[in-house]
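The same subunit A turns up in both complexes below, where it pairs with subunit B and then with subunit C.
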Partner chain A sequence: MLGYWSPVTQSAGFVSKGALAASVILMMAGFTLSESLPAYKTSPDVLHPPSAEYWLGTNGIGQDVFIGLVRAAPITIFLALVTATVALALALAASSLAAFGGPAVRGAVLRVVDVLQVIPSILLLLLLAAWIQPGFLGLVVLLALTGWHEDVRVALPILLRELTRENVHFARRMGASRTYCLRHHILPAIWPAIVGLFLQNVRQAALKSAGFGFLGLTDPRLLTWGSMMQDAMEHLYTDAWAWLLLPPAGALSLFLIGILIIGEGYSQSGGLTGKEQYDPG
Partner chain B sequence: MHLFHHPLVRVVAATLAALLLTLAAATAGPVGQLVITDARGDRGMLAPYIHGKNGIGYLYTTYVFDSLLSQKKDGDVTPALAKRWTISRNGLICDIYIDLRAHWHDGEPVTAEDAAFTFSYMQEHPYVFADVRNVKEAKVLSHDHLRLQLKKPDAGLLTGMLLSMPVLPKHVYADVAEPQRFAEPEAVIGSGPYKLADYNKAQGRYVLEANADYYLGTPKFKRIAIVKMATDAALRAAKADEIDIISYLPPERLEQAKESGLNVVKAFSNHSVRLGFNHAGRFGSKDLRHAIAYAINRPALISTAYQDTADVADTGFFQEASPWHSDDVHPPYAFSPRKAADLLTAQGWARAEDQLWYIDGEQVVLRVLASKRETKAAKVLAEQLETFGIKLDVRIMERAALQDSLSEGNYDLALYASSTLGDPNGILRRVFGKKWASDRYSGKKLRALADAQSVATSRQQRQDILNEFQEVYSQELPAYAIANPYMVTAYNDKLSSLEFMPGGVAIGVPSALHKSYLVD
Partner chain C sequence: MVPPILINLLSGLSVRLLVFFLLVLLVFFLPRLLPGDPVAIFLSSDLSRDLSGSEAEELRSQFGVAGGWLQQLGEYLSNLVVGDLGYSVPHAAPVSQLLKAAIPWTLLLIACAAPLFLIAGAAGGIEAGKAPGALFDRVATGTVTVIASIPPFTAAVLLLLAFGILWPVLPAGGAEPLFPSDNPLQRDFDVARHAVLPVLALSLHEVSRFYFLARGEAITLSQRPFIINACGRGIKGWRLRTAYYGRSLFPVFLARMSDSLTGLFGAVLFVEIVFSYPGTGHLIYNAILDRDYVLLQGAVIVMAGLVLLLNWIIDAVATSLARRG
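After this line comes the complex of A and B, so read on.
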């Protein structure tokens, strides 16, 4: 996955910082601008194809898709980034606990993961929906709590593999501290996997949050690219899918590619090791 | 002779032979199989206590279980298990004579014993779609003669209870203590035109087989399969002649169904979409209900959320197609933000500079519940009320979660749809009941009228009381009727000229698939 980008991004650090800055600016601008944007209001002009008046057409209740796309951007990006970060942090913490904590702790962590994997998260969410009415932050917590366990299954074996490598043993024997090993040997090696997991979390958060409106967990009017894609689904039988599904799906894909570039660039620019570059090849 | 060896001739001859064979097979007997598609699927096992608690579950069950009365295609009652009946002048005694040609699916004869048993069994184990509490005694006078003694006269005796109540086989149900948990194969022994041969809950699939001994005619099909299929798949399958009926086609896909070669029947469902209020909470006040009604622009809502698949509903509960609809004009609560604002101000609400409404300095946020089917309407409604300055918190929920939130009173407004058809006694359930899709209202004046119409002694008297009921309903506004959506059923040439049952099937199910269309 990373190799694909390597030849393209010679100055990966620059691109990465650019992409990072761009998404932060987009998010901030989105939040501040959303008040001054035209309202995302319904109209009898339903399923209108793209035109001069509606740049990307209208949806099933006459809302302008372009306005929706712009208005959804900050919410989607914020929701996805925060959720993915929290979920990944939880997963890494659990994996580290399992990796360093000895067989008993590892067993316990893995059993918890097993239980969470066996129970469909939709069931858990339905149950929660009956009890609580989470706000926007509650939604983030719920998304993170129902997503982290899948990452552990990937992160733990990789972590265990890297911990037992010769270079780590050698460095330790030569007097390197644990932190030094983590920073210079382990993190660089598992970084591609972390980026991959993060991407997966972002994608899941964006799509899963769309379903929350139909579980009564959020107001169905909470606008994200995921919810726009979900609304598009009922129009797959008409030509409208082209302007209902493609724009949010495209935006989400661009966003994911952006994160990939950021992750790639961070490791390429040496941000990880501080001094030397790590070559995943 | 040499000619026959020509390859082309042989191909033509073979094709002709195959064609003839197919024709012979097709004309040999009754059409073999009818496939009905249902977008939602599982409706529970087709026995009275275990079918899904909704109109469709009930409708399918009527294919397996006959009632004492049935309906003609114009909606009027016609004999079924009861071949004739008389009602005493004071309306308290009803003599019913059972059609002795009727048999249960296991071969046992249907007798007056079974009917009497059903009345007493349903007293003990209430069945949601037939209220038998008014029956004082059901006495068996002979093999085929049953006498019902009522506590009070019932204007809806024929079109309500006797039409809706499925008759149970005494020899099966007599020993069943918990019918809600009785899902053995015997549970579906009925006396209807079709037997339930197979039921797969996970796939939502039913296979019904013709009851060859049916007493009211010959079932039209050897087998009826009811399968779960999404509309897209169903339309494709219809093109390939794999399915015969799309029971509820989304009305906006009507043209597509026609292109697939299907016939379509379209009618107002009279399954009105209503905005209900939490009468136990903030909306106990009639003026507040009126204020909300004036703040909603129904024609605009419909043109956005439904386009041409619904029309503005009548505010007097019964819709225009109902035989009980009154000719009086009911207030339409035409969109008037000024009237709404005046009413709210009189109730102590205040509009601040931000154009939002406050009570005692606290911003008003109303919690709106809706089922998934009403999502679009809920979104447009929320936009309208927020434009008016009332903040909303909208929640789309599953049925069980909705029911829970309602019983806890955890809502202000609710958007739901339920039928307004069937015998008018249905208003007792649909306006004063406690279920999700009921108005959950308890106003005394309206209740008195609902009770009075149920004991009316003539049709005219009943109509007069119902006219008044509709007027009071439209003024008290237990719920604000928003839209009356169309329903469409698509079918192929295995059936002819289906129509939605005027007044609804039995309990008031808007459907074009009454069992009389499935029997010759």
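After this line comes the complex of A and C, so read on.
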């Protein structure tokens, strides 16, 4: 078992790079497209049902739902991706610290993770969000700081398992440097798990940030699918809910399903097992 | 010989007490680190603007923000120990009294939803995991995947729309009719009717977690000798599912429950807000909207304590079970 560049990991790495490139391109396209769209501005046509002029109708202050949907898409998705990346980076840093730092450091890291696990973070987040009405950066920081510890519980055992494998010992004995081992033996082996964790983080972040938007706790200027759903809540007793609620809810659900399906592909190609996955907020 | 569950309880207690104390400190200091104080916020709202200096000072001491930080902290902690969480001005009632009224409703929702999503998740997961790739597995896993991708508040809103507004067979909000019936039986019935939709929404959100867990476990269990042996002996149907699969799932389920309590309480919050259910989530949300920080702090501390308490008990039971094997 010397070659860790097995077809499975190789294809997983290839696909993830492709997906990354594709998402970056889509994101850029999204941002440019949403910039070229007419502004998401108020108008006298309040609660207009869908028509040729307003494809998905207008909300309570006359904003075009379709334009909002398109404009919110890159922000919502970008927010989830950035949060997931930050949380994963924190988790990997903590896992490496625990894996390389000796038993005392490992114990300390695991203790911190245990403590974070039992803290009802949603309550603290609410308390904070009520005070500061986080914008984009605020949400990223809040969600990443309260979400990274769950990744450590998955990443650390995998990292420890790979560090003690015979191929690593063998390479070290043959004179390979630590960085060489990390790049050629350990990283390829844990890559599928990292991608799986990342996708799981994206789901979590998307769900949580949508929740805050829905509760109206984010900066009112931050337009996300979650905050668009908040608009619908006052209009449940009229017909307007159909075009106010369903488009953003559908878009968000489609995004989450898409991430789940991609993640399933990874778990089958040797990433996480089914048990570690699918833990909605 | 001390029973092992007692040892687990004791060892878990110290960590949780520490966490709780840190949380209290955090809840105490966070608002004080941020600009402005409750009195300034209170005055900047439309309640009242022209207060003399001495009156503002009096309000300050009433809100517990007079004097140095250390003095404030001492006062806060000593009040907390005797159960005084402060006074909510918008509700014109002590915070502890408001929470006492709200917590039973939240616990009612959780107590009704927990058996529902645990049993549904286990039953569906076992059935799917017994024969992965079969028709049932594909249909059920597909359905649960879609359910897992609908944000909890959206599912709640859709349920509310479907059964509360478009086809109004069930009440759309609240926990009781405006004027509760005098007849206790009728009153219980009304409470149950009001709880149906919130409980359903909550279960729908939680079921996917346990479905996927049960399915994954069942797939592994199917290859274990004792199950193969049981199937070979002709044990099937109900007995195979409960006595063989179900019993083995128990420790894993408990462990996951203690991990996911935070998520459950988060979901309850959304469900209560959507259905205007008078539980703690609704209370917290209104406290945020009213900028009633005294209530918000008190509710966060009490709910955090409740989560830690439940997590502590479940964890101790789970550890004892896991040790038994």
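Everything that follows uses one rule, which is that the second predicted complex is superposed on the first by the 156 of 281 C-alpha atoms of A that agree within 3 Å, B and C clash if a C-alpha of one lies under 4 Å from a C-alpha of the other, contacts with A are read in each partner's own complex, and residues count from 1 in each chain.
One rule holds for everything that comes next: a residue touches a chain if its C-beta (ideal position, glycine included) is under 8 Å from a C-beta of that chain, and two chains touch if they have at least 3 such contacts.
Predicted, not measured: the structure shown is a model, and the values here were computed from it.
By the document's definition of touching, of the two partners only subunit B reaches A:Gly62; subunit C does not. Of the two partner chains placed by the overlay, only subunit C lies in contact with A:Met229; subunit B stays clear of it. Looking at the shared chain after the overlay, A:Ser253 reaches subunit C, while subunit B stays out of its contact range. Once the two structures are overlaid, the count of subunit A residues touched is higher for C than for its counterpart among subunit B and subunit C.
When the shared chain is aligned, subunit B comes close enough to touch A:Ser43, but subunit C does not. In the superposition on chain A, A:Phe214 contacts both subunit B and subunit C.
In the superposition on chain A, no contact is made by A:Leu92 with either subunit B or subunit C. Applying the stated contact rule after C-alpha superposition, one finds that A:Leu142 touches neither subunit B nor subunit C.
Contacts of A:Leu159 after superposition on the shared chain: neither subunit B nor subunit C is touched. By the touch criterion defined above, A:Ala240 reaches neither subunit B nor subunit C. Residues 126, 130, 214-215, 236-237 of subunit A are contacted both by subunit B in one complex and by subunit C in the other. Every residue of subunit C that touches subunit A in the complex is listed here, in rising order: 15-16, 18-19, 22-23, 26-27, 30-31, 34, 145-146, 148-154, 157-158, 160-161, 165, 205, 208-209, 212-213, 215-217, 219, 259-263, 265-267, 269-270, 273, 284-285, 288, 291, 293, 296-297, 300, 303-304, 307-308, 311. Subunit B makes touch with subunit A in their complex at residues 231-232, 253, 256, 300, 303-305, 307, 372, 375-376, 378-380, 382-383, 393-398, 401, 404.
Of all residues in subunit A, only 114-115, 117-124, 126-128, 130-132, 207, 210-211, 214-215, 217, 226, 229, 232-233, 236-237, 241, 245, 249, 252-253, 256-257, 260-261, 273-275, 277-281 touch subunit C in the complex they form. Of all residues in subunit A, only 41-44, 46, 60-62, 126, 129-130, 133, 213-216, 219-221, 236-237 touch subunit B in the complex they form.
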